[in-house]
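Chain nomenclature is as follows: A, B, C, D and E, assigned in order of appearance, with residue numbering initiated at 1 for each chain independently.
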Amino acid sequence: GSNSSDKGGSSYKSELTESGKLTIGLEGTYAPYSYRKDGKLTGFEVDLGKAIAKKLDVKANFVPTKWDSLIAGLGSNKFDVVLNNVTVTNERKKSYAFASPYIFTQYVLVTKSSDKNIKNLKDIKGKKFAEGTGTNNEDVAKKYGAKTIPSDQFVNSVNMIRQGRVQGTVNALDAWNSYAKSQSTKGLKARAIPASEEPFAQVSPMLNKDSTKLKAKVSDAIKDLRKDGTLAKISKKYFGKDVTMENN
Amino acid sequence: MWKIVTDATPQLLSAGFKYTIPIAIISFIIGLILALITALVRLSSKKGFFIIIKGIFRFYVWLFRSTPLLVQLFIVYFGLPYLTIKGVFPHGIKLSPWTAGIITFSLNTGAYCSETIRAAILSIPNGQWEAAYSIGMTRSQILKRIILPQALRVSLPPLSNSFIGLVKDTSLAASITIVEMFEVSQQITAENYQPLLMYSLVALYYALFCTVLTWVQGYLEKSTSKYITPAR
Amino acid sequence: MWKIVTDATPQLLSAGFKYTIPIAIISFIIGLILALITALVRLSSKKGFFIIIKGIFRFYVWLFRSTPLLVQLFIVYFGLPYLTIKGVFPHGIKLSPWTAGIITFSLNTGAYCSETIRAAILSIPNGQWEAAYSIGMTRSQILKRIILPQALRVSLPPLSNSFIGLVKDTSLAASITIVEMFEVSQQITAENYQPLLMYSLVALYYALFCTVLTWVQGYLEKSTSKYITPAR
Amino acid sequence: MLKLTKLNKTFDGTHVLKEITTEFPENKTTVIVGPSGSGKSTLLRSLNFLERPESGIYDFEGMQIDFSKPLTNKTILDIRKRTEMVFQSYNLFPHLTVVKNVMEGPTQVLGLSKADAKAEALELLDKVGLKEKADVYPAQLSGGQAQRVAIARSLAMHPEYIFLDEPTSALDPELELEVLKVLMKIAEEQQSMIIVTHNLAFARKVADKIIFVEDGNILYDGDVNQFFNSDNERIQSFVNAMTFNDIS
Amino acid sequence: MLKLTKLNKTFDGTHVLKEITTEFPENKTTVIVGPSGSGKSTLLRSLNFLERPESGIYDFEGMQIDFSKPLTNKTILDIRKRTEMVFQSYNLFPHLTVVKNVMEGPTQVLGLSKADAKAEALELLDKVGLKEKADVYPAQLSGGQAQRVAIARSLAMHPEYIFLDEPTSALDPELELEVLKVLMKIAEEQQSMIIVTHNLAFARKVADKIIFVEDGNILYDGDVNQFFNSDNERIQSFVNAMTFNDIS
């Protein structure tokens, strides 16, 4: 338990879809955020979910599903919270509540290494870019005038660049790093986008707007986890560095 | 590469046996029963109030054939909780993923297969009905003992098409939070970044199951055709 | 809510007319031709070298019925580029999304429909072959003029099942980067966060198209059955 | 006694049975003769409700049925149980073996045990000379054999009335004779029968009453000898036709 | 002249045609008689390759066919074009109108124009008394009508040989007579015909040669008058059966 939420007592528990459990929605197909290793769901967000649940004094219950289902499921109370690398945007704030951020994501611009035309985001105008439908990566690519091609997994985006089907992808630097750790990046180049060019995206737990008490509780938990170093620890485990601080 | 295969296999098979196969089999059985009832109702020549019942079944077939299965799953699982009926469902109809999945897959299969069964029944010559009628058999006796055994032979290949299609469609269950075989393969892909390999592997396991089904189909085709002189 | 519908409709319909409907229609036509050829080859009683050809068609049907359509699309689009054949395809077979989509959907439809057509041909009584043979008609004349017109009647409902299924399956084209109707609905959902509403809306447009197909099916069923005395 | 009063039946506007009024006495054999397409089959099928005349009264052993009114299923089933039809085109059940074809009615409709039904079925198959074909499927029978099975199947139901639509038209004279002998024996046992036939020699032997139908009208209805010695020109020419005296 | 030498045919081990050796003269009518199941249909169907005997030599107008060797499609097609079969069970094409049934062969196989084929088809339908049924579908015909269409369909092909398998068994005596008259007329025009029939009166009138088959063997093969006046007991009892003198 933490002191800062004592005024609400444990009344947030009445907002849980399943009593005694924090039901967490995620895709499970996005390393290193959430993915399957040796038959078990693992990843940064899985560890984070467990840590938050512990702070809330409930059990963590992970429910992997598709992106659209994550949104729909929050609406019809199938999940309490979505931990899926969701970036906070003004548009999303209209429909959902966001607890305090746990990752600040730097963007990366991935292209063929032979590509001399695309150096920074301004150069992607009119180019074909592979982006996940509904992601903030897609938003950024669109903002800079790229023509986006749907691609539901990061690895498919990379393959499309290799096969010359698209010119590049705007993605999370962390996703790229994770890929580069185990796969060859021959023929590809990646340029991390500095915050001055495009501000880092804030990744937060997404909740139903009605779950006000739960939201406060989750925010407190994240703040606690940041304070006690847990956040940095699991970030190092999965990203090899701390991505949980603003301007990391 | 070999390691990826041996690592992934137990996970894939466990999901297959826990979700993919049971969902496919249970839904197909329920769907077949539904399809049979639907075909019989739609073929009935009863008049009066029965017209309304026929209309309902017509609507059901239309609805489930005309809309995407994914949307059907979505609405049953995520949409029904909004459907509050005072007294009966004060908090909406909240189904577990399993229940929602089985219901939707069954209804969908039932709609498609009812068309197949309807066509097969219509293909049996009238003389068969007449001979059975004049023995004094009731409509349901005739259906059970004379028409359906012959209709089965005609409808086996398209019904098996539907079953095999259903096996693959169970992958949509991932969208209502059931981590079936295909979803597992995608989760593993997220770590090993080998989508082509993983997809081929999961396709292999689908193929194994479907091959067994094809054998069953072949066996049933033979055993329901033994009274037919060979066609050329 | 009304605004969401009116905003989304033109985008959905444009994707529907540009991708969903053309892909479905073209693939179905090619698939039907393929299915017919496959069914005829598999029913042929020719011996010798032809056995190998029959084996190939058997394998084709097995392969495309047994594996998920999504995997097929994936392998044709993402996998074939790795298939370098010296001299012929030095850089692998790189197909455009359209080509890959049409090829895969056609092959898939062909495999399923070949089973339907095979069953329908087998359901025509032997006496029809014999009467036509003794007039001196060739096998292909008999098929074209005597057997297939009668088989069409039996196979219409299951074939229409396949077509309607295909219309919905075109949504998988999104995985090979074709922004068809369903993908558009997901893109809009990504902005407005109303998946249930958007899914229902896109389901409505699928339903409209499938309803037209159901009408066509009904019309064809009537016009191919006019020589039959009504069943009871 | 079956009585028909003012029976009318049309097919797509063609009047095929015109104000038919006649009766079929019980324990007797009534033979219906007439040219092809005259309506004999339609008349016979109406007695079993396989055709539904538009109007007319059908008196089945005192039970009054008005064809211009809707019929209840009970009435139809009741009369079908008490009557039996043998078809021009056999209509054997192709998916059942010969003996099972004969057993189907007794086990399903009369509720006989399988053993009893089988014993009687084999007896009846013996009667029509087909005991050794008991276990083959109808597709393997020659035309004559198939028709004999159909006759056995109807006899197995011990019906009050048997309706036979050209029961021996596919049999060669020898086997026709055997079957006719069986039918004669049943006739002698006072089984009520109504037979449509083109075999006037047989009609003459077996008929207690003869009905001559032409173009949907009854032209003759009564005594057998009077029919064959009629001085009506139409009847004379019809009767003479069968002797093939006219073949040049 | 068609000649068969030592023809053998088995069905699933049952020997139904045993060392059949006989000939069918051209410009003559050969009649095959015999009890049901004796193999008459099988014999006739072998002449048209609808059945494939295991062994035997078939001499078709000088063309030698050895059944123990594989047959070429050309041979089969050639002989089928020059012969025509009328079936016991009509086998009309249900999806074509009556006149189109008759036109199918002439237009598709002989290459006649539609107009010519139609004119002749209507003539032939007139010959069998069915001109007014030209535009209905087979399902709407009575049994007798259907068989007459089948006969018209075969006549339309002007075959060298016509094979008829109980062509009139479903016709009533009056119309049978008309059809028989047509067949007699064709016989007089020296059309080669092979007819399986149970109508011995007709056989006597029309046959130039008679073959009596029993149990897969030819018991008699030769002159018609000798057959009917034979002192062979088996033949006598077969011939007598048709007069129904034995009906008690």
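Everything that follows uses one rule, which is that a residue touches a chain if its C-beta (ideal position, glycine included) is under 8 Å from a C-beta of that chain, and two chains touch if they have at least 3 such contacts.
If you want to know which protein each chain is, UniProt gives these names: B, C = Cysteine ABC transporter permease; D, E = Arginine ABC transporter ATP-binding protein ArtP.
Since the model is a prediction, treat every value here as computed from it, not as a measurement.
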Labels of chains that are neighbours to chain A and to chain D: B
Most heavily contacting chain pair (counted by C-beta pairs in contact): B-C
Chain whose Cα centroid lies at the greatest distance from that of chain B: E
Chain C-chain E separation of Cα centroids, rounded to whole Å: 45
Centre-of-Cα separation between chain B and chain A, whole angstrom: 37
Length of the line joining the C-alpha centres of chain D and chain E, rounded to whole Å: 28
Residue numbers of chain B (touch at least two other chains): 74, 78-79, 82, 153, 195, 229
Contacts with 2+ other chains: residues of chain D: 89, 140
Touching two or more other chains - residue numbers and ranges from chain A: 68-69, 72, 75-76, 156, 159
Which chain pairs touch, all of them: A-B, A-C, B-C, B-D, C-E, D-E
Partner chain B, residues of chain A touching it in the complex: 25, 28-31, 34-39, 41, 63-66, 68-69, 72-73, 75-78, 153, 155-156, 159, 179, 182-183
Chain E - residues contacting chain C, complex: 48-50, 77, 80-85, 87, 89, 91-96, 104-105, 108-109, 137-140, 150, 153, 157, 163
Partner chain C, residues of chain B touching it in the complex: 43, 45, 62-63, 65-72, 74-75, 78-79, 82, 112, 115-116, 118-124, 126, 129, 153-158, 160-162, 164-165, 168, 171, 182, 195-196, 199-200, 202-204, 206-207, 210-211, 214, 229, 231-232
Residue ranges of chain B in contact with chain A within the complex: 7, 10-11, 14, 74, 77-79, 81-82, 92, 94, 174-177, 179, 183-184, 186-195
Footprint of chain E on chain D - complex, ascending: 11, 33-37, 41, 88-89, 140, 142-145, 166, 169-177, 180-181, 184, 198, 200-202, 205-206, 237-238, 241-244, 246-248
